[in-house]
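Two complexes come next, and they have one chain in common, chain A, joined by chain B in the first and chain C in the second.
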Partner chain A sequence: MHYRTRSHTVFQTLNYAFLALLSLSCIFPFIHILAVSFSSKEASTAGLVGLLPVHFTLKSYQFILDKPEFGHAFVVSLKRVAIGLSLNMLLTLLTAYPLSKEVKSFRFRTGYAWFCVFTILFSGGLMPWYVTIRNYGIMDTIWALVLPGAVPVFNVILLLNFFRGLPKELEESSFIDGAGHWTTLWKIYTPLSLPALATITLFTVVDHWNSWFDGLILMRHAEHFPLSTYLQTIIVNVDLTKLNSVSPSTAEMLANVSDRTAKAAQICVAILPVLLVYPFLQKYFVTGIVLGSVKE
Partner chain B sequence: MAKRNWRLAALSGAIVLMLAATACGKGDTQGSSASKESASAAPSATATSSQETKQEDGPLTKYDPPIEVSTIYWDSAPFKFKDGESLDNNVWTQEYENTLGIKLKTAWSFFGSLDQYIQKMNVAIGGGDLPDFMQVLPAQYKQMAAAGQLEDLTPYYEKYASDLTKDILNQDGGVQLKASYVGGKLLGIPHIGSTIDGTPLLWVRSDWLKKLNLPEPKTIDDLITIADAFVNKDPDGNSKADTYGLGVSNELYGGGPGLEGFFNAFHAYPGGMWIKDSSGKLAYGAVQPEMKTALGKLQEMYKKGLIDQEFGTKDSGKIQEQLVSGKLGMFFGQMWTPLWFGDGKKNDPKMDFQAYALPTTDGQPVFKQSGFPTGMYWVVKKGAAHPEAVFKLMNVSEEKGYGKTADATKYMTDNGIEFFKYAPILVEPPRKNLNNHLLVTEALNSKDTSKLNSEQKSIYDTIVKYQGGDSSGWGYDRVFGPTGAFSVIDQYVKNNEVLVTEYTAAPTESMGKYQSTLDKMEKETVTKIIMGAASLDAFDQFVANWKKAGGDTITKEVDDWAATK
Partner chain C sequence: MTTRKWIREMPLHVMLIPTVVLLIAFSYVPMTGIAIAFQNFYPGHNFFSSPWVGWENFQYMLQLPGTLQVLYNTLFIAVLKIVANLVVPIVMALLLNEVRKMWFKRSVQTIVYLPYFISWVLLGGILVDILSPSQGIVNEILKAVGLPSVYFLGDNHWFPFTLVATNTWKEFGFNTIVFLAALTGINPSLYEAACIDGASRWKQTLKITLPGLLPIIILLATLSLGNVLNAGFDQVFNLYNASVYESGDIIDTMVYRIGMGDGQYSVATAVGLFKSVVSFILISVSYLLAYRFANYRIF
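So, the complex of A and B:
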């Protein structure tokens, strides 16, 4: 058997070793953060924590529970994902379907497609973006976070190509049975595209959960910040060289800012939801659903 | 089939409804913001109607009917509140409303780093999205002034600033207030900072000094002896060579740790300082020949292993780590640093630090540098309905905070909740911290606390508790206590040894263009020389490059500015 040769064994060993190292290097920082979150403040400030907690304590998780800002931000983020996800998925489906058609059944298809692609290549820049959103009057509301990116063009293109890969015959037979475009989209295309839709859902959820810059600029009140914006504000290091003279109360604040345990605990809690979503979507990552549906 | 079509229609109907709902959501907020606009437009109408009573208008005159003033709150960490209080309803907003008839409105609030605030502020300035008054940075102040976005406060300052407000703004001799004028107009109120709080001190682990029988650091040679012992004589007694001599971070300068103090000992003044040279002209501190001598000493120390061999990759956070874990025993830093690494005392109860005046090299007096302390300006948006309101707010803040009717437990801090942060405009007197030290020390000697205000009383209590064995008050004792940092700063002030930068205006045009490049150049050269990667003579090359790469242009602009002062 060809895979029993020595060179093959060597390759396999090296390959596995390399991949194992790669995944370890991805997971180590996370374990470290987890360990810090369960350690005492003094130990972590002194840099004593490695991969295991030092002076095990749940204090920092207690601290999160007592912190109203974290709870507020968590709720905002959940809201953002819920609204953003439904809006994005709906509009992605509705945009991808017509754009996946041939020019002969949808004459302006190419024009529309380029119109969408253009927005991936060029953006208006920070100020026009800000002024546009302000003029719509949605600043400081949840809509400022979900409406500007309501049509994720990249996802549209993904889905569009997936639609095009589906056998034409399925669509034709659905038309012969008397279905219109609506029925075809919802009853034929959508169920057949579950793997693609799962991927896009994952992209969208992670994207909404992680984006922080729009929250930072568009939200006027700290209690409207989504979680990642809030985390961003507590995690960024204070640059001591920029502080000319520090009052004692600021200095104590600095000591707390360097409180890595509380930060670590908040990061761990923030990762949880996305971590939980993954396994549930995994089962849709199965290809080959359309295999055997058409005999040619 | 008919049934199927019906369901289809229902589905499409639902989608249409959903889209309509989102559109409505937009419409709603638009509507409400429009109504807000008309609400904020209303006070300006009432202002004109109340103009007949204006002749008796003064620093504390109440608005009747009440007006609304919007502002921005910013701090590094979210405020804490008593139960039932919030940004829009707290002891300060009530005070303003009751005594002045001013309702404060939060245009926006932000709690995060300065860089993020700058980013948010820049976008708001660019979009013209400004509240009635707000805090901005010097560069933004200059930019807004040039763009005509600011109200001229000159006439209002004379008429509406109370005596106390004027006194506090002039406690530094009026230097910072004078520096705030742009083209003869006062376009912003400087957030007066202290020139003495930022002076460098030499912090040394006094328990190690005692243990190893070392002298106090009076000269640079003492400092080198101490550093050598800290590295080689195992001060922490664990038989491992894991301790460092002099703490240096890759940022080189700053409050903790910063090399300014070391350079000052050699009469060199880096870190953005402008000094008078022998001919009386202004010169940039970091390119003067004294720098070279100091750098030579640092290079020598590095070679002997008295400076962490990897300091080039370690930021101040790492230094904090070394201090907390008891590996570092000496660094130059500002007065607040013990509060920053106080956790070290919990890890090792034997740890103790003492602040010393900067050592000398030649017995001559050593001047301690202090950067320009105005970090922020309060500005009023051009076209604000009541530009004078900002002074009235400040009058009340200063009075309740530091005036005769001050009540610190009600307005400043109580039980760890800092009320003073809710005051949108408040300047602490520049000598406040030093006075706290002097009064607390006096009270500790006499046991008489009747002269202390509540802030001083809480420091007093913390120190008394520390002396009774509670180590959590260690940081406060090291800063304000009888032998704390301020006892040294008090000597600096008495000996007149504080040297404030001579350039006191917002950054000039070419500073905006070249300064960051020049700073990078300086940092690279200094780091390389200390690490021995470049010879000491590389400094001369650096000075020549500095001049060519924009330094000369900046110097000329600074000269021109000095001529018009």
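So, the complex of A and C:
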């Protein structure tokens, strides 16, 4: 199909230009922040920084390295991703497998499925949720960050629909060979659903990395904040009540680093892990979305 | 026979034990906590030991001066977001569909999808920086072309639209991919036939591509009905400040302020319960509609 009319050529040119501009608008803010983080205090305050650093300096990053809170928060976040991811994936597999069965081979399947789905349709709201977790006595521990969301019902639905798309004969032959449900899940279903599991893994990692609100209300001490929560308190919400007072060495550092460049540098460091997994997300995202939107 | 069935199904029940326990502990137990909306709840009590006050908290909620404004803000922001999140991705998918250079198409998709994965905390920090009236690069650009500078995050007139625009900027890549995936399902022979009949590219878009997308558009529109009271807590919380409460305060931020800020647990729970119930009804209706007319099933 070739269109050689004049109006079509004009349209194509405009279309390419528009899409290119739109794409640029999606990355310019990030490049700008990166440039600010590498610029000097004076240049950034004077508003001289565009897309390239002005008076290149690493002082802002030096400032982060000298701040123990940032490192602490980074470690808490890594811990949260590790524990949260393992729990989420294990429970997703263990839940999706029984729910993917037909009613005739698992009579309670529909009941269990509604039991899970109801939790995403209705909730008690913020306050009851908060009071419940406080009553359990897990506030201020890593468990408060990973247990409440340990069963990701959306991912369970994704995976169970994927399981249902696998040929029934695989399961039947596995049973004939004498395997039970556990063996069938680990040896047949899990290896076959690796692309789906990869998608869910990456989305889960990004979710845990980005979560900040639970940390803000469930952690009492700033040193237990995950990175997103810590950054929330310093970037957006200038709630310094939970943070330690400014130490003399910090005051000295602030002479060379403006609030703006320091914030920019911390944003850049926090985005870095997401950028690192992004190419992998890209590879699988179509699978992931099609998985979620197309059902029989 | 029944015993055999039980034995065969036993492992399936065992697999579900952890899930059932966790969901009861962290979803169903909090649901019983809606009881405190009808109590004068003292922190430190359990959900059923405080004095009951009937509908008093709901009456109090309605008497608060800002409540109607908050409801209006929530609906206004949420509905605009829903519309923008459908229209922009459809246009994007149609435009990308016209692109013949695969590397270009793939690069655009890759780039516009990126902001979707960055949290509102970090985007909030970035937006506060670039939209600042004194140092922000957006206002520098506006000044350079001779326009007055705008305080996007501090002006009640601009704030809701800034929320919608930045939210669309963050999210449109996601739905674009859904629509692009749906486009691949359109039968290519339709285009060939149209070509032979002399239909222009524009005519083909109107008569083949858009009708082909219609089912998924209707499905997504129906399912987004459940979001009518979801104006986006993460975004608003990270972008707003006291000067834009009037136009930017939404139900979720109100619950947070009353509950976590003022410590009025019962009133906050009442406001939250109002939202939960309305949302539950809307989601149920939307799923029912989607099930009836698009044969959509959750599982």
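The working rule: the second predicted complex is superposed on the first by the 235 of 296 C-alpha atoms of A that agree within 3 Å, B and C clash if a C-alpha of one lies under 4 Å from a C-alpha of the other, contacts with A are read in each partner's own complex, and residues count from 1 in each chain.
Just so it is clear, a residue touches a chain if its C-beta (ideal position, glycine included) is under 8 Å from a C-beta of that chain, and two chains touch if they have at least 3 such contacts.
Every value quoted in this text rests on a predicted model; they were computed, and no experiment measured them.
Once the two complexes are laid over each other on the shared chain, residue contacts for A:Ile217 go to chain B and to chain C alike.
In the superposition on chain A, A:Thr141 makes contact with chain B only, not with chain C. Contact with chain C, but none with chain B, is seen for A:Thr95 once the two complexes are overlaid on the shared chain. Legend: residue contacts after superposition of the two complexes on their common chain; A:Leu276 is shown touching neither chain B nor chain C.
With both structures placed on the common chain, the touch criterion links A:Lys41 to chain B but leaves chain C unconnected.
Residue contacts after overlaying the shared chain place A:Gln232 against chain B and chain C alike. In the superposition on chain A, A:Gly178 makes contact with chain B only, not with chain C. With both structures placed on the common chain, the touch criterion links A:Val131 to chain B and to chain C.
Judged by the touch definition given at the top, the superposed model places A:Cys116 against chain C, while chain B stays out of reach. In the superposed three-chain model, the partner touching more residues of chain A is C, compared with the other of chain B and chain C.
Residue overlap on chain A between its contacts with chain B in one complex and with chain C in the other: 45, 47, 126-127, 130-131, 136, 147, 180, 182, 217, 232, 236-237.
Residue ranges on chain B touching chain A, taken from their complex, read 1, 4, 8, 11-12, 15, 18, 22, 25-26, 29-31, 33-34, 76-78, 106-116, 119-120, 123, 126-127, 129, 193-194, 197-198, 251, 253-256, 258, 315-318, 320-321, 324-326, 334, 336-337, 339-344, 346-347, 370-373, 375, 418, 428, 433, 475-476, 479-480. Put simply, chain A touches chain C in their complex at residues 1, 3, 8, 11-12, 15-16, 18-20, 22-23, 25-27, 29-30, 32-33, 36, 44-45, 47, 49-50, 91, 94-95, 97-99, 101, 105-108, 112-113, 115-117, 119, 121-133, 135-136, 147-151, 157, 160-161, 180-182, 185, 206, 209-213, 217, 228, 231-232, 235-237, 260, 263-264, 267, 270-271, 274, 278, 281-282, 285-286, 289-290, 293-295. Residue ranges on chain C touching chain A, taken from their complex, read 5, 9, 11-13, 15-16, 18-20, 22-23, 25-34, 36, 43, 46-47, 92, 95-96, 98-99, 104, 107-108, 110-115, 117-119, 121-122, 124-130, 134-135, 137, 140, 169, 173-174, 177-178, 181, 191-192, 195, 200-201, 216, 233-234, 237-239, 252, 255-256, 259-260, 265, 268-269, 272-273, 275-276, 280, 283-284, 296-299.
Chain A makes touch with chain B in their complex at residues 41-43, 45-48, 69, 87, 90, 126-127, 130-131, 134, 136-138, 140-141, 143, 147, 178, 180, 182-183, 186, 216-217, 220-222, 232-234, 236-258.
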